[in-house]
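In the two complexes below, subunit A is the common chain; its partner is subunit B in one and subunit C in the other.
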Partner chain A sequence: MTTLTRSSKQSLNSPASDQALDQARTALGRTSDRVYLDHNATTPPDSAVLTKLSSWALDWGNPSSIHQHGRGPKTRLREARDSVSKMIGASSLETIFTSCGSESNTMAVRGALSALQKKGDPRRHILSSALEHPSLRRTFDALKLEGYDVELVPVDRSGRVNEKDVEARLRPNETVLVSFMLVNNETGVIQPIKEITRAAKTVGALVHTDAVQALGKIKVDVKELGVDYASFAGHKFYALRGAGVLYSARGAPLDPLVYGGGQERHRRGGTENILSIASLGFMCSRSDEVEGRAETIRELRNYFESRVLLEIPEASITCLESPRVASTSSLLLPGTDGETLLMSLDMDGFSVSTGAACSSGSPEPSPVLLAMGLTREEAQCSLRVGLGWSTTREEIELFIETLKRVVTRLRGLRNWHPSPTEEQVS
Partner chain B sequence: MNEFSDFVDRSPVGPDGRRRRVLVAMSGGVDSSVAAALLVEQGFDVVGVTMQVWDYTSCDIVEGNGTCCSSLDVDDARAVADRFGFPFYVANCEAKFKATVIDPFVAGYLEGKTPLPCVNCNTFLKFDHLVTRMKELDCDFLATGHYAKIEPGKDGRPMIVTSDDSWKDQTYFLFTIDPSVVPRLMFPIGHLNKSEVRNIAEEKGLLIARKKDSTGICFVGTQGYTNFIESQVGREKLLAGNIRLHPSGEVLARHDGIHGFTYGQRKGLGLATRADRTETESPLFVFKIDPVTRDVWVGEESCLFSTNVTVKDARFLGEIEDGERLKVKIRYAHKGAFARVHRKSSDELEIEFEEPVRSVTPGQAAVFYRESQLLGGGWIP
Partner chain C sequence: MTTLTRSSKQSLNSPASDQALDQARTALGRTSDRVYLDHNATTPPDSAVLTKLSSWALDWGNPSSIHQHGRGPKTRLREARDSVSKMIGASSLETIFTSCGSESNTMAVRGALSALQKKGDPRRHILSSALEHPSLRRTFDALKLEGYDVELVPVDRSGRVNEKDVEARLRPNETVLVSFMLVNNETGVIQPIKEITRAAKTVGALVHTDAVQALGKIKVDVKELGVDYASFAGHKFYALRGAGVLYSARGAPLDPLVYGGGQERHRRGGTENILSIASLGFMCSRSDEVEGRAETIRELRNYFESRVLLEIPEASITCLESPRVASTSSLLLPGTDGETLLMSLDMDGFSVSTGAACSSGSPEPSPVLLAMGLTREEAQCSLRVGLGWSTTREEIELFIETLKRVVTRLRGLRNWHPSPTEEQVS
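So, the complex of A and B:
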């Protein structure tokens, strides 16, 4: 077990907040000597979020109440909505709070199609890709059974959807919805949503983008992208779990998934989760930090990747040449097995993943990597490393050393040797 | 291949002061949970793993908490790991399990056999896949909740011997283990009987203590194996035919498929209504299933007995002398009978029983013992 000395750890947070974070970690039964490199699965709540929790929790009233107890929570809700809207470039009327990214995705697709169907819209063709989050892939599977024609645009090893491939598949009077993610959760590749949207609009299709992995990593401006719907989730951006956002452009058709007491302007029923929503609002109020943080992370990530390429024979980085967010690295480590690698690294104190977090805890080779044309063997020896705001140089150094050691051991057990014909060039 | 040393110190802490690490195969049941708990208590550095072998969401099986390795059982195993604070992982073995356990199971029944899927699971998953995992995760030992023991033999080399609970003893399922792996295995509950294991679970507050035993085949569940097979193959693959009476060959009834029968079966043959058989006549038993003619042969009880059995694909965990007198079990529930075991070829044996044994069943294994030591076994073709 690797024990990290935190004394030398240079934190980006103030010492006082760091202490609060450590206290909170201890309260949650976590040891702070672990290195967390799975920020694409979820981010730890920011230390400033943790210090504000109790004050938000004290606004426990129902924001829909007319009496005084409703005032505080209502204000929290409005403030959060304003800062989220500002960060994504929307008007606050276009910002709907949900419970999570999956709900936002489902609501966008279901809500749009349901509203159009009611108006007698006959269009049934949907364009998407195999890179999407399961909440969309499974929704599309269900829609196929309901008579929709869902077409997945093929993607190559670049991990980037080509807008030309989307354009070629658009069908006037048939294509009703186009849905592509803004940032892929496994490779970090940024998709050309603006270009896709422009093409889709020429046939009058609605456009949704799953921007869950983009929030807090790159600048997101829904107006600039031109989409009708965009999904976000707070827990990928250092806020608490339990708050998602659906941006729905003014005038875009949208039926509710959850009917209720008129919350979110009758678009999403249910008493609002003020605590989570406030934390997301708070993080969005810090949107001006995003760029600087991303730069720091990019330097660390690039350093990490160059060391991996240099020191682990035949290692490669998936989608290295594609436009990527700063924090994500999808490693391909031949001669290993992602599942074993993950377990070994976990026991050594490092939290990483082999792909999307899966509730069963039993990873299959990533469908995203397979869809990009990686072989099953390649997908099985892939490892996803997700850096975050609190990741330090020291953590990266320790991780590289451990990764090298574990990979070498696993390769030794498998009698794997670098192929003699390919010379290592880096 | 003998990559492991034959003599391994089994104390929880090595001479270098490092705690020895044990990978424990956890099904979520009482036995493997107690096995893990005992190792923690002894001071080993325990790592738990559950093999996810079957996607219970993709089939009609009502997920049975009580069969092994359903997703509810994974939760139970994880709860035990949380309780003691050791690392726990789920290993995805679905594809391997289908190829090495489910498919041969279904094929076996369609060949008129009564397969032993638990042996295949042990051969290809527990004592192969998990042995690899043990090495990869830098573990010194692999432990399971089997009722079996590891004891030093005369030469000091570890050997597998029967459990102290002769009723639960599971060494029958372990005959295919590679002998080179034995020094690295642990069966922490082998010296206990089932009620003692349950008591320990109660004492340690493991909530699974009252869970019922997983005696059935884990992936079949409550639906019965015939329904399971029918759910796995097309109707056209089922081999319907006649039930014939020995020795006349008279057709007594039609049947829907040979997969619905097993050797020694007496009930459920669909012969109850036959008018000309009186109650004084002796009952009929299945004693032969022919996948070529699709005939299921029934006859009087005496047809079931045989003295000589040839077994194939024999595996050995210890040396045997040609013609040695050993105790041989021909099915899990068989008490065992004495026989001379002759080598016919490198992997074929002729077993000559002292007294005729009942229902030697193709697809099952003949497993032999010298006193309590598991020596090996072979498949009944």
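So, the complex of A and C:
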């Protein structure tokens, strides 16, 4: 998975001038003049989704209505639920539509604990990590104030939670919930959820996984993972914003987070957002494309990383040796500042990020990278590149040349030079 | 407000035959062969919303991204917030986007109480009514299990909460929250929220109003009402599903319900659903149309009700003498069963309901009507007619004729005859 291809650098070996780049862009027929490499923040709706938008919007009726205007939407809802359920390996009764991944995360944790507390369950110990999405980290912060003992399993620079570290911290009769993400949003590292779940089940703990960054990137089978709850979001998988999913295994305790009518079998109130749900269902009906798309993206990503490592002195790839999804590349570019880098690249027409969009605007370096043991200095020179289904070889070529040029310029401004004692390829 | 117009019944005085109705439909150029009179359940997206759908969908970037792809969506978000805030009389900092009205309702109550509890507030008494939306009724059910004392103020057949009844039940140092809806979803009755708020403030209670059925139907000014929280939903006002609003007055205590990144100033996590939010903002930018539209609808509704009262023996209008929004007509049609009536009308091409869509599918009569003191028998013969911006005189004419025919047929099947001791016009 971490083998890099070293081909195809012939044509762009010498840095192109700005003018040459402009010419290249024009030649490539780029009309929007923008290259989007931030697919972890959100994905553009698939072109087929955009085509179907108007027809879905015409099914605006309330699926709870028992007249004709409710029947079309109800059918769309059922079809979407079937298609999502099939893709994640759940039964349709176990698939709950929410409004987003953050809601699914909050709901899983709050809903499980609330239901257990009502039954008089005395367990108050939770295991998770510092790599989790803010929706979980902040839910845990709230739970701490309510008497829960939230323990974060340490993670090293591999970015991978070690199942042994989880196992060692499980407390029989105390650990009530274990929650780890399946794919990290900043590094792309795939966590050993199956192994963690197996360990957690030995003490009877419930298991939740935030699989938001996994859907559409790797095969996700909730039964195979063995988890009780899993969170998903449509807008990370080329569907519209506004549809999330919480998988809740049959029999798993779960109180609603949002109350309402009898929607989602009384588990999530609110008139269903058919337009967004239909778009997610549609994308999930294309699950057989996932593997092939990932393979194409992996080749592009590996090509990109090999070029970066070869051509940008002292650049490194975070979690290079860990199992990662194909689409994420987390770079460290010493001698640059991530924010400045991002803004320079933005001015040159490239959308990338320094970390999670959810935390952007904050001057602090990524808490995820810091939690992995990177120094503040390292975290501050990080850049996240997120490839997607529409990413082309040409975009990657353009991006590499621009990145090299911008890094060189920023390093020059700081009068930074590669350390002479280190090899150029780290 | 309850004066009925008695004009314009000349042309359709004698019941039209089925064939004549079909001819009338054809003449009216009805292509979909459906008349939608269930606007309280949900509204069709305005045609201008459908036109703008694709352009909004192209602003798919994450508004939290600091690159170019995030800037368009961020601008749309700000514009929508300004436009919604202006329409409801709030400042933009007080306007929080949620996913739906049910979420806004749950969030207001949960968020306020959670924040107060953290501060050690000992008050546990809540005042509300049995007329509220299920999202509130079920939130209250959950709170009762957590030690809250939820008291429901009784309501009579007027469907109106009496502020004196609220006042009499307020308990200094005990009442923490008062929550009443501004407009009832089944009867259309407008509640005296301003007066209730004034009373509640004398004991320092927080006030929430569910204004979901008010937006776009009457002028709503949260400052004038004086409430601390107000809930709204886009899909009851010709916007897309997927955008709700919680108004939370500056300084009002409020914990998040959905945790996440820093979205909505840390009050509601989750990547913002720009498409739905933009559609709601767009509709709110048309707030100056509301009054005129309501006037047109009121004339149609009054005409409809006058015809029903004149031509359907023993028919009556629920809450006829109470202040009501222009668009709702809640009928009692003795000698029929609401569900059967609904299904017959559905087969004839009319979408109406027996009560809230949120409770449909349930064989039980409307809990709202029962709470108002209607008998089970009365509640079971109720029909809710919800007019909207696109409702035409022709649709109303067709509906009246069909309703008369269907009611006569159903009464005949039951061998039901008007009581000879009552006047035809009740």
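Here is the rule we use: the second predicted complex is superposed on the first by the 388 of 426 C-alpha atoms of A that agree within 3 Å, B and C clash if a C-alpha of one lies under 4 Å from a C-alpha of the other, contacts with A are read in each partner's own complex, and residues count from 1 in each chain.
Here, a contact is a pair of C-beta atoms (placed from the backbone, for glycine too) under 8 Å apart; a residue touches a chain by one contact, two chains touch by 3 or more.
Model, not experiment: these values are computed from the prediction.
Of the two partner chains, neither subunit B nor subunit C is touched by A:91.
By the document's definition of touching, of the two partners only subunit C reaches A:240; subunit B does not. When the two complexes are overlaid on their common chain A, residue A:344 makes contact with subunit B while staying clear of subunit C.
Residue contacts after overlaying the shared chain place A:75 against neither subunit B nor subunit C.
When subunit B and subunit C are set side by side, the one touching more residues of subunit A is C.
Contacts of A:410 after superposition on the shared chain: subunit B is touched, whereas subunit C is not. Of the two partner chains, subunit C is the only one that A:53 touches; subunit B does not reach it.
In the superposed model, A:364 makes contact with subunit B only, not with subunit C.
Overlap of the subunit B and subunit C interfaces on subunit A comprises residues 343, 346, 360-362.
Within the complex, the subunit A residues that touch subunit B are 337, 339-340, 343-344, 346-347, 360-364, 409-410, 413. On subunit C, the positions that touch subunit A within their shared complex are 34, 36, 38, 41-45, 50, 53-54, 57-58, 60-62, 64-70, 99-103, 105-106, 118, 133-136, 138-139, 142, 145, 233, 235, 240-242, 244, 255-263, 269-276, 342-343, 345-346, 349-353, 356-362. Across the complex, subunit A is touched by residues 47, 52, 71, 74, 78, 87, 89-92, 132-133, 135-138 of subunit B.
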